[in-house]
Amino acid sequence: MNATLPQSETREIPPPPQRLLTYFEEGGRTIGSWLLSTDHKRIGILYLYSILFFFTVAAIAAALMRMELVTPPGDMVSSETYNKLFTIHGTTMVWFFLIPSIPSVLGNFVVPLMIGARDLAFPRLNLLSWYLFNFGGLLAIYAIAFGGVDTGWTFYEPYSSAFSNTHVLTMVAGIFVAGFSSILTGLNFIVTIHKMRAPGLTWFKLPLFLWSLYTTSIILVMATPVLAMTLVLVAAERIWGLGIFDPKLGGDPVLFQHLFWFYSHPAVYIMILPGMGVVSELVTCFARKPIFGYHFVAFASVAIGLIGFFVWGHHMFVSSQSVYATLVFSMASYLVAVPSAIKVFNWTMTLYRGRIYLDTPMLYALGFIGLFTIGGLTGLFLAAAGFDVHVTDTYFVVAHFHYIMVGGMVTGFLGGLHYWWPKITGRLYPENLGRLAALVIFIGFNVTFFPQYVVGYLGMPRRYHSYAPEFQVFNVMSSAGASVLGVGYVLPLIYLIWSLKHGKKAPPNPWKATGLEWQTPSPPPKHNFAQTPIVTREPYQYSPEIQEELIHG
Amino acid sequence: MTLPIFPEEASKIAEQTDNLYWGLLCASAAVCLLVFTLMGYFLLKYRNGKNVDRKPVHLPEMKIEVTWTLASLLIFMCFYAWGAKNYFLIERPPPGAMEIDVVGKQWMWKIQHPEGNREIDQLHVPLGRLVKLTMTSQDVIHSFFLPEFRIKQDVVPGRYTTEWFQADKIGSFHIFCSEYCGTSHSRMVGNIVVMSPADYQTWLTQGQPGNTLAQSGERLFRELGCSGCHVGKSVVRAPPLEGLFGKPVPLNNQEVVTADEAYLRDSILFPAKQIVGGYTNDMPSFSGKISEEELLQVIAYLKSLGSQTPVREQ
Amino acid sequence: MISLSSPTVTVPRKTYLLVWIALLMLLLLNWGLAQLNLGRFNLVATLAIPTAQMFLMIFYLMHVRYNPPLTRVFVAAGFIWFVILIDLTLSDYLTRGDVPGMFRKSWEHGTWPAPVKELPDLPPAPTPKSSSKASQ
Amino acid sequence: MANSATAVAEQFDDMPQQLEAATLGMWTFLATEILFFGALFLAYIVYRHTYPQAFADASRHTKIIHGTINTALLLTSSFTMSLGIHASQRGRNRALLGFLLVTMFLGCCFLAVKGLEYKSDIHEHLVPGRHFPHEMPVQSQIFWFLYWIMTGVHSVHLIAGIGLLAVIAWMAARERFSAHYHNPVIVSGLYWHFVDVIWVWLYALIYLINRH
């Protein structure tokens, strides 16, 4: 590995004299070498396999629920099974797909490359994080396989500790362990971004994806421990039969809700912020134009992360919380919406006077902006205290957070996956199939979740196994859309795996992007950079005048 | 206006909430329109392959950013205030409302009228009357949701939560439990029947009259032995209960609390929690010996005492 | 200022000794004050002394005083989030059954927003309370 | 980890950067610990505000002598730990080993005294549950539930700390540290001091408030 790369600022790398070993070959080819490798790129791919498995489990649960909800009376599965289905869908999606997906897969792979480092600050902690994630996942799958949990992903107190006789303890232990996996990932990113940036790479030359991952890591590190302790208290209550949330002792179940939502609302910002970071990268690269208002977008990410910790009470407006607290949380919820609005406006202005290539990653980015705008605006509906009283715990809320999670986070993840696929695998995915899949997902998504807004305002409560007949029309529409969405998600799985074998070989920089990660050959060698690059230019130095020729499969 | 996308409006609160819904919808539509048309226009005009002037032009970045930040902040504050106003209306029960007790039990609603009528999963109320529900739960957290009145309130075990409404349309509307409470959470539904005051009176009398809530509370007051200590020159010193409800009570740690339902309930279930000034802690705890409905009946009796001394033990 | 990032520079042992003695003194003070009944001041002392002990240990024993300022940001962050958790949860618990000061007057007299009146044209149903007084 | 005693780990450029990264990493972990215990402190504050009477009675039954001795033990162990760090910065592995052993011994003494206190608590039935003394108000069971959870979780952290120091002591015995490279000692010192800070607060909240 002694090929001396010229001292490149951000110019094109002349092809090295002899073939560089890629990280597939250099760290060893056996399964053992992969399972014990501390290379951040390999751990990223190991995470990809894990979250793919958990996404499938949760997607099957969702499909069964949508089939059940086609008819008003609960006639396909019993109500116990239905309760277990939505709990499986909730817990598996939240803790085993949404939270780890962008930070642990794309983040693990791309962060060291973007800052010109050889690896993360603590490579062994990174591998430990993957093993903790899988051990937690194993516990969760054990709980699901041997009878499931019927408390919902929120584990609300008197029910989850005294009245549910399902495998709550095992599931709680699984999430407790998986929580430490996300703490370690967050810790790794914070120290890496602080301490291991390439010379010349100041904070305001960082790509915006790193700003959002840095903020996500702060939330990961600061919010997850409170969930860990809350779950310990729930477990203690189940083991010893009584505890501090037990109303018989004068305990207060609403205190559990405070502790739970102190973690769970910042957790939804853990899920959406990386998606925003990916979209900032995609919009600039495919509009060939520097981001509009770099500082504002960067600080908007930090602002979302910080204010996100002040808003958890808007989940509890009707849970006998004091009127004063409701006013405080309603105000904070409106304040946290402002940075999101800033980001959407900045992305839109970035398109002005750009040269827009509608490739697959750009389709996902535009889909993200559209769906996130609708999701974010309905968030404003829910922040209004008087309005939330009617719609909380109904399908209006279900539609809102699916617009943000599925329309925002999953679309952002797929966009990022397609954008960095040439760098990760060294192969190009088939472009036209990619565009088709993006369109199918967009249509299927809207048909699935928009009717839920309407049926939510009509008053259909959440987590209902059988519902009043007048809601059937909207539920049938939603179930139909869900099948289209299901097909939409299978498409990328197929052609991405196909591209591993038959995709065209990817050049180092197929999208002619300006990030540091595109200065390495794709797939990059184990130590990423021969010499640590010196960064002198501002980020996103694209110029829309020149007509670039983007290479795609 | 009863578009299919709206549930029926059966109370003033419903209209207020729908107005707020329309306001939010229009504002969101405006923002969506602005963002999507701008994006669509840019996508069409600046697509790759179209030779259009793409020379970077200097935009006053700071000015633009500050304007749309302040603009969105201003709009958000307006909706915050509107939402807060509606929330006040929903959260504050007006004085002089008819008191109905609701006890949530795993997968049914047990409702007690002050006249003594009891119903399961059914709530009959007269048109136009202000009704205040005092609610508690025997086991897990439920939530009493009336979609046609646009109100919802969690029913938390160990505490009284209140909810109020005034029906201004005759008919039968939904009651849903909207906080997940176990296996048959989706079957914990009922309907609220709004009747004209005359029909309501006839319904009251036809229902088994029995004795009113206060009278059955009085019977319990004697049976459980409360009158043994709390009445007249009994041997054990216990605070007098005449005209207790709503009055400030000085505690022995120099605090003063108002004797509302929550205070009465806690004093019966956890006597040592707040001991009245000048008394010792020797009242036995009744938790486990008295059900939620009986507790509400005893409290209804104490409330109906006014300044009259409680009945002596027969 | 000794910068501990260069490994060879160390904190003199005398500092550690002084800090240790100060910590033990504060412990005895805290224990002693707890025995006396000082009313409100008792709570203040019981919380102030551990804060002092904590600052001593963090700045001297954990070398935050000698590390680059970035470490202080990380230390402060932990405590700031702890305060956020405590503060906003207490904003609920301290105001249960209460209403913010400026609204309390209007809350009690029901002036703003205007309360919903009974429908004027409906005679209010005879309140059941009066009938229950006549004991059967 | 660095194979030879003084080599810099491959992903770092030089030793100060590696030391600063290790310190920042441990401080980030300690921030998570602050919030981990913070949830318990929140429950304590909320329930002391809701049931001042019951908490005052319950906290009078705690054994203050054991608590005070334990606090003194832990403060002394922090002192010896700092001396250990001082020795490792001078590259004196033998002195480091000695101080680590003393610190671990003081930690074990803490656990012993704690065990005695737990035994007498159990003897007095001060464990929330069926045979909790009836004359005490029901809410004081919440105080005792918090007492057992707080001191229990702290003891678990202390045992983890003793285990960590044992590993460092073993590495010191194998002369793995030098004046140039002793990051693990500094990091484990940070963890030990932090466990002590948490106990200082636990001592004040459990034993001292409303003592009179």
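Should a chain be cited, it is by its letter among A, B, C and D, assigned in written order, with residues numbered from 1 in that chain.
Note that in this section contacts are C-beta pairs under 8 Å (C-beta built on N, C-alpha and C of every residue); 3 or more make two chains touch, one makes a residue touch a chain.
Because the structure is predicted, anything quoted here is derived from the model rather than measured.
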Query raised in the report: What pair of chains has the most C-beta pairs in contact?
Result: A-B
Report task. Would you mind checking which chain's mean C-alpha position lies nearest the centre of all protein C-alpha atoms? Result -> A
Report summary line: Per the C-alpha centroid definition, the whole-Å distance linking chain A and chain B comes out as 36
Report task. Mind checking the centre-to-centre distance between chain B and chain C? Centres are C-alpha means, answer in whole Å. Result -> 30
Query raised in the report: chain C to chain D: how many Å between their CA centres?
Result: 23
Requested in this report: Would you pick out the residues of chain C that each touch at least 2 other chains?
Outcome: 70, 77, 81, 85, 89, 93, 97
Report summary line: Multi-partner residues in chain D (2 or more other chains touched) are 20, 24, 28, 31, 35, 38-39, 42, 46, 50-51, 138-139
Query raised in the report: Where in chain B do residues touch two or more other chains at once?
Result: 85, 88-89, 270, 273, 287
Query raised in the report: Which positions of chain B touch chain A when the two form their complex?
Result: 5-7, 16-17, 20-21, 24, 27-28, 31-32, 35-36, 38-39, 42-43, 46-48, 53-57, 59, 61, 64-65, 68-69, 72-73, 76-77, 79-80, 82-91, 106, 139-141, 143, 145, 147-148, 150-154, 156-159, 161, 174, 176-187, 189, 266, 270, 273, 287
Query raised in the report: For chain B, which residues are in contact with chain D within the complex?
Result: 253, 270, 272-275, 281, 285, 287
Report summary line: chain C partner, complex, touching residues on chain D are 15-16, 19-20, 23-24, 27-28, 30-31, 34-35, 38-39, 41-42, 45-46, 49-50, 64, 68, 71-72, 75-76, 78-79, 81-83, 86, 89-90, 179-182, 186, 189-190, 193-194, 196-197, 200-201, 203-204, 207-212
Report summary line: In their shared complex, chain B is touched by residues of chain A numbered 74, 79-80, 83, 150-152, 154, 156-159, 162-164, 247-248, 250-254, 287, 289, 292-293, 296, 317-320, 323, 326-327, 330-331, 334-335, 337-338, 341-342, 344-346, 348-349, 351-358, 366, 369-370, 373-374, 377-378, 380-381, 383-390, 392-394, 454, 457-459, 461-468, 543-545, 547
**Report entry** Parts of chain A lying in touch with chain C, wherever the complex brings them together
**Finding:** 194, 218, 222, 226, 254-255, 258, 262, 309-310, 312-313, 321-325, 327-329
